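Look for subunit A in each of the two complexes below; its partner is subunit B in the first and subunit C in the second.
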Partner chain A sequence: MEKGEWVVVIGGGSTGTGIARDLAMRGVPTTLIEMEDLASGTTGRCHGLLHSGGRYVVADPATARECIEENRILRRIAPHCIEDTGGLFVAVTDEDLEYLPRFLSACRKTGLPAEEISVREALAIEPHLSPRIQAAVRVPDASVDPFRLAVANAAGAREYGAEILRHTKVVGLVKEGDAVAGVRVAEEGDGRERVIRSRFVVNAAGAWSGKIAGMAGISLELVLSKGTLLIFNHRIVNTVINHCHPAGDGDIIVPAGTVSILGTTSVTVPEPDHDRYGIEDEEIPYLLEKGSAMAPFVRSARVIRAFAGVRPLFEGDEEGQGHYGHGEHREHDDRAVSRNYVIIDHETVHGIKNFLTVTGGKLTTYRRMAEAAADVACARLGVAAACRTAGEGLPGVASTEKPRNTFTICECEFVPRAEIQDRLEKLNAADSPQPPQALLADLRRRTRIGMGTCQGAYCGYRTAGVAHETASFSAREANWMLAKFLQERWKGTRPVLWGDQAREAALVAHIYRGIFNIDEKVQ
Partner chain B sequence: MATIQDSETERDPRLTSDQCIKCQICTAYCPVARVTDRFPGPKFAGPDSQRLRFLPEPVLDLSVDFCINCKTCNLVCPSGVKPSDLNTLARANYVAARGQVPRNWLLGHAELLGRLGSAAAPLTNLVLRDRLVKAIMEKVMGISKERTFPAYARRTFARRFAGRKRGRLHGAGGDSVPSRPRQAAKARKVAYFAGCFANYNDLELGMAVVEVLEHNGCEVVVPPQVCCGLPLIANGEMAAARKNGEFNIKSLGKFAAAGYDIVFSSTSCGLTVRSDYQNLLGLEGAERIAARAYDISEYLLLLHDEGRLDLAFEPGESPLRLAYHAPCHLKAHGVGYPAVKLLQLIPGVEVTDLGKICCGIGGTYGFKKEKYQISMDIGQELFEAIRNSGVPLVASDCETCRIQIEHGVPEVHAVHPAILLREAYRRAEARGRANGRSAERYSQDKDK
Partner chain C sequence: MTYDVVVIGGGLAGLVAANVAARRGKGVLLIAEGLASLHMATGCIDLLGYAEPGDAMPVIRPWEALEELSAQAPCHPYAKVGRPLVAESLEWFAGLCREGGCPLAGSTGGENLLLPTGLGTVRPTYLAPETMISGNLADLSGNTGDSGDLLIVGFEGFRDFYPAYVAENLNLAGERYGAHPGWISNWPHAAGVQIGVPDSTNMRDLSAVDLAVRFEREEFRRKVAEKIKEVLARLTCGAEVARVGFPAVLGLEKAVEARHDLEEKLGLRVFEIPILPPSVPGLRLAGVLEKAARAAGVEVLLGSPVVGAEVENGRCRSVTVRTPVRENRYQAEAFVLATGGVLGGGIRVDLDGPREPIFGLPVGHPPAREDWSRPQLMAPEGHAFLRFGVEVDGGLRPLGRDGAVAIENLLAAGSLLAGHGSCNEQSAEGIAIATGYAAGRWC
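What follows is the complex of A and B.
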């Protein structure tokens, strides 16, 4: 049995890291436990869209209101994670035109700044938009880097004394009578189990929260909805493009750093683990067809990768199971059918003490979810301190100096060796040991290595070499991390193997199999 | 080829960056990347960086300024990417965003230099050769003091050609389309684009081209023309280049429409008109000129293929061993090495292709102070090959290649192949006249 903390937070996505920071800022000693890496689950598998709320404004004005409020707060506290791209809602068909007045009036009622601009102006801003669009509305959407956001929240939590354990999996809950008294965890490397006792456990495991709740014998009614997205090789748009119609598939294109992301689909899956579900062949042309209604260029632009994430949608019986968000009416009286987040105080609902689940929700509202969850936990712990996350900026993440003469490891994403080494040192110095096989993927989330056109063809072996040369990783471990990394990159390339990306994949295969003799047998 | 070539990529050369599979072949062939770290190579500066240039506030990286514009990367890319074009466009954007430096403005306006230089010749040449002037130019302008500008002639080629033809000056503007062909109907009609170098510096080259063409029954005119625009393009002055391009397209277009072939003695001028007008500048009507444009050696070889080239070359007194250097821009024409085949037609001439990548001059590139050493380092391989071959004479189609060769290996002469062809024809004529004067030496011609 190890040191007793007040709160254990399970899940290192945007919500979990947000809760850990919120609690730590209120002076609550907190340990965050993540089975893989920060933002390796649903957080890192989304559009990276900072919603203005426009997407929900007609069907779910309360959620839309939350989005615009949080949108404003995040621009203030996390400017280094956000690119102010602005957003456009474009009407293409006659049906879209019929939807438009409802959309505009809902925006007005919700207080969402929406400005209709001329089609000509829209085409001047985004030349790849379909010349057939009939109307365009400008909204304050933005692009947010989910990896950077989660890492910044974790760093902020750590600044206030929280402990962040990555690659540590919760395998059971410690129960004392009708109360949860901690968690049993296993480290990813050797699987060694240990117990972390705590006065309160927050389940922020997102798509995995049903599994965690199950460890306390609680059955959560979660629907796991897989969304598939496509990454284009370059910025085919510089503004977030939304199809102006009731939310549907493949109707958002988000510019993100060097690339653009089109999504998404919505398919119910039985399992949240991303190595358990696949991307179906038919999803790809389906997305391209949907996207081409807004921007026909998506059909000929190069797609470098497909990826999918699983949204945890809570469809439980609202009366019995918990309470939804939406600020002021956070009690049981909100009966609206909503895709908003839900906070379940298991003492109230299931009679299990010191245990709370927060699930549902979206990246844009992560801070508010964290605040609501921390409020409940603090009330149970008798902590009076109020939330301060809306006022205090997140710590900067891009502190690495980029000296000009340092060797460029990743040429697609311009990652210099100095940045890799800096990140490598930080990962090695973290609270939990860095499993070698996950090193390249963890560096990828922090530096963008392997996320560009060639999907790791050159930066893969170069980074493995740096890890071997400057850190304590053996040659065998370097090979291992390389093979794991390539396998994971390949997973996302395989669904989009046509044209230039097929040629690219052939080259990568020749480099690694032909020159380095690495294939799936390496482990 | 599995690359996606749709109308969008054809319209916007920047979109070819999507076709890059990062094979690094261009970097392996890049003459600059192999001698300096200041240029990260065509892949990195081109398609890789292009992804950042699609951002609304594009990243402006001056490293593209170290691209020598040899276009080797365009040529070797197996995926249809044009890294050189991407670099050129990026450099132009850089200049547009950050402003032009006076040195690059001046070098870009090489034609202005030519006009002023020949107006004040031979004083210009004395001044430009003065060590003190050179030192000041390096200090103030950033033009390398190691370089000497080519000597400017007092009369331009255009005036000399007009004067020779009609015994009077025929406007500075050049010929107009003749209402009636002066030669037999089947004769080929050539509109000769001399380019700034032949016009202001090497008049003998211009005259040699005309003489060789006329010797082979071509009717030659010199249309009104301005600088092709290459130095402007290379120095980021796209608007000025476009203006020049429009002038030339209009002028040459009239001749093309009247059935004239457009012939260039400068490989780089030819390449600019033939390819950059269309691909880089997107000028209207460029394709009509391109369809009738030829490098002089390519054109003469075409005549030979048609059996219309006079093969009565008279060899010199002793066998002539010479080396040939293929300019990068000639390679970019994609026409092989026609000059080698032509020179081999002269009895007693033995041609060795030096087979080196790049001489390192890159037009105005090698004249820039910060690039002089890079330029010489690139040329080193070629210089050594020339020295090792032991020849006194190097033929090369490009004027700045010849400048670089004579600069790097002062003991050899570098000539345009047309000069050698004219010599061989002149010797034949002289022998025909029996009492003719002995053949002039190319070097004397050249120095006139």
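What follows is the complex of A and C.
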């Protein structure tokens, strides 16, 4: 059987890569298509929080139960993507204290291990917590690297024979009568279009899934919710900190590698393209205000970047939509729309065969979403094989680190040159050609270059140099990738242009405009 | 403790002001919080590289452009100081560098030089350390300048210089500049090679300073020269190579000697190329200026920030310096504030706006934070936050909110000043030297 002849999965986020791996492990020839890079959409634009379920336990216990179950599975199959930081729910106000018994009792009912600890102990664990906190509960939250997770899933899918096409955009669906028979794609570089035929198409395009469904004439009731997050230059906390109250804005701080992330907001937006939405000036003080209730230190900590992702939330609840969600729906409030996922078998719901959409959901439950979506696809394809993703570790789990060339290219995130070269080779050997202008951004998701304090001031130049030296990119291409990379980093620095980060931005301008004399007409 | 003059800031402007004031017989204290911004600079003295923001081509004759700029923008520091004093200050500065063993070179006709960078782009500058001059690609009057093809040499394991990348970009730059009148028409060909670092067995990261220390040793230079000769023998187009470009690491203090020695050993001209910070040529300049200041009697207080000032009836009486153990006050008749712009730390940017932290001088800025910068990093017009600065009168005295002189015995100099866009103009050193010189004279 020819590759890609059975299932095309649209979307290279955690869900899409998870589905591709799940299907490939069941022996289903699969092609994954991602318009940009793996985890470049909503997957890579979140806290990177592996939920214990505590956040949902009161309002949506079914989602909370799924979170804790998946939390345990992912710790087994993807320990290399997870840092077991643990999490704390902290009660600050009297209202929080009133919420606390409901929270603890819901945790008990759901089977979520939650242990109340003394305020003194909490402050000993996290000295930056507000001295005014009144109670603290320990839960098994953790920090997960969403980039690594998606890349590992894609690598796992490839090991089982799947084809992963990045920088390839679905521009249309191939329809035969009332059935979907494949996709029409365009490559990022030259926009050349071609058709990939398949027996089944899985729409896992996340915030873009409404657009994909629209190509089949289907209208999906998606609520697109923009969430803005702030990154601090180091680990202001070593534990995931949650505000112990009904889920709200700016009430989670997650330690992520060398930095920490505070978020989010939740604002309904009309379009999925995150690049379309800037960070509003007033969002920053708002988030700092919210975060400072838990940890007043955030006000004086150094913010190095602001970024936003667009979550796809599913609102439709008509019978027969195959809606797996357990959440209650409220109008006008994104926070009340279920965070659970939905699988829509379009044959049942819309009379369109060989096509399903999976949307909603969250990073923590990506594997379960993938399993459920693959189950539906396999049933339609007559494949009897069962899901095995809960039992088999993701690639990289057992690898022992090779001795490395120790030259450090990125001093903020400690990325050695050997790792960059290794990743360059892998990107160049990928199924789809690597567009040079995206190379540094794609390397960033895999290595964390440029994600630390200096935001690419030093490693941008060095990585462009290494790419030119070792990966046969021309100087023109290296210049181009450097300019794109710096611009992309600038996009996140610009909204937080104060304090030491303003100085850092001045250093970037000084190096690239002042010393290297780059202008907007980079060759 | 009482002085005639307290200079706050150990960057180029502060060092110049302290030197000038001390040579006028003043008792000077120089207070510097950290490493000066010279450590992040190229080591070149830019006067005016671009006349208008977004100009595609650099200024060829900077003095003419400076006069035009001064006429159009009376708030520009060059307009405040005036061309004659700018010229005098640069001449004085060049003399100081020559005496200090770090001679500067430029064109005799007053044109800008065009020097390669560590990215392989080229940038205009007015005066360059003599060790860089053979890299010049501008067509200069009065002398023919250097000519001949370039061999760009880098070092294995040195992460801040990629010779093949530099060479290829230099060849690309020829497409832009080589066809343009004013710049040389016989643009040279460049090739890049990487050589191993002699006697380097340990594989740790090499910094520019590590290499500079090694280049002070004759034996190291001999081995480098041998490796380059081997490369030249293999190079097919090697016959044309007349100049060898290195990253700017040819010695911490004895770079002039190191370069001459390498030229003799290779039988070719040798030049340095400015790279990412920390800048070895900048370190050399800072060293020369600090040594000269101490020789002229300047007391230097390093590593401690000025945290406040005592101002009474419009005069500054003293400034307070925080040391690890206590706060000290230093009184003086006059004060020179040369703490730098946003990059140097002289202007702090808060969420609600920029401020000058020592004297609380007003700093003009657009009200909305989104207007502090442009959406494109490389926007031709540059970013407002890089131009945040302190307004001064014709005597470099900072103005208060009412537009009158704020503190009569306080002068400001360098990047701290409002009215310039040195990052895009390529004028930072010229402004620092001219205003530092004027402040040293007028305080």
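The definition used in the following text is that the second predicted complex is superposed on the first by the 488 of 523 C-alpha atoms of A that agree within 3 Å, B and C clash if a C-alpha of one lies under 4 Å from a C-alpha of the other, contacts with A are read in each partner's own complex, and residues count from 1 in each chain.
In the analysis below, a contact is a pair of C-beta atoms (placed from the backbone, for glycine too) under 8 Å apart; a residue touches a chain by one contact, two chains touch by 3 or more.
Owing to the predicted nature of the structure, the values given are computational and were not obtained by experimental measurement.
Comparing subunit C and subunit B on the residues of subunit A they touch gives the larger count to C. In the superposition on chain A, contact of A:297 is made with subunit B only, not with subunit C. Touch criterion met: A:469 reaches subunit C, while subunit B stays clear of it.
Contacts of A:408 after superposition on the shared chain: both subunit B and subunit C are touched. In the superposed pair of complexes, A:503 makes contact with subunit B and with subunit C alike.
By the document's definition of touching, neither partner reaches A:429: not subunit B, not subunit C. When the shared chain is aligned, subunit C comes close enough to touch A:490, but subunit B does not.
In the superposed model, A:384 lies in contact with neither subunit B nor subunit C. With both structures placed on the common chain, the touch criterion links A:516 to subunit C but leaves subunit B unconnected. By the touch criterion defined above, A:453 lies against subunit B but remains apart from subunit C after alignment on the C-alpha atoms of chain A.
Subunit A uses residues 405, 408, 458, 498-499, 502-503, 507 to touch subunit B in one structure and subunit C in the other. Across the interface of their complex, subunit A is touched by residues 2-4, 6, 8-9, 17-23, 37, 40, 43-44, 47-48, 50-52, 54-56, 79 of subunit B. The part of subunit A that touches subunit C in the complex is made up of residues 278, 281, 284-285, 405-409, 417, 458, 461-462, 464-466, 468-469, 474-476, 478-479, 483, 486-487, 490-491, 494-495, 497-499, 502-503, 505-523. Listed in rising order, the residues of subunit A touching subunit B in the complex are 85, 233-235, 238, 258-259, 297, 300-302, 405, 408, 411-412, 414, 452-454, 457-458, 498-500, 502-504, 507.
Residues 40-42, 49, 54, 56, 117-124, 157, 159-162, 164-165, 168-169, 172, 175-176, 194, 203-205, 274-277, 341-343, 345, 348-351, 368-370, 372-373, 375-380, 382-383, 385-386, 423-424, 426, 428 of subunit C are the ones that touch subunit A when the two sit in their complex.
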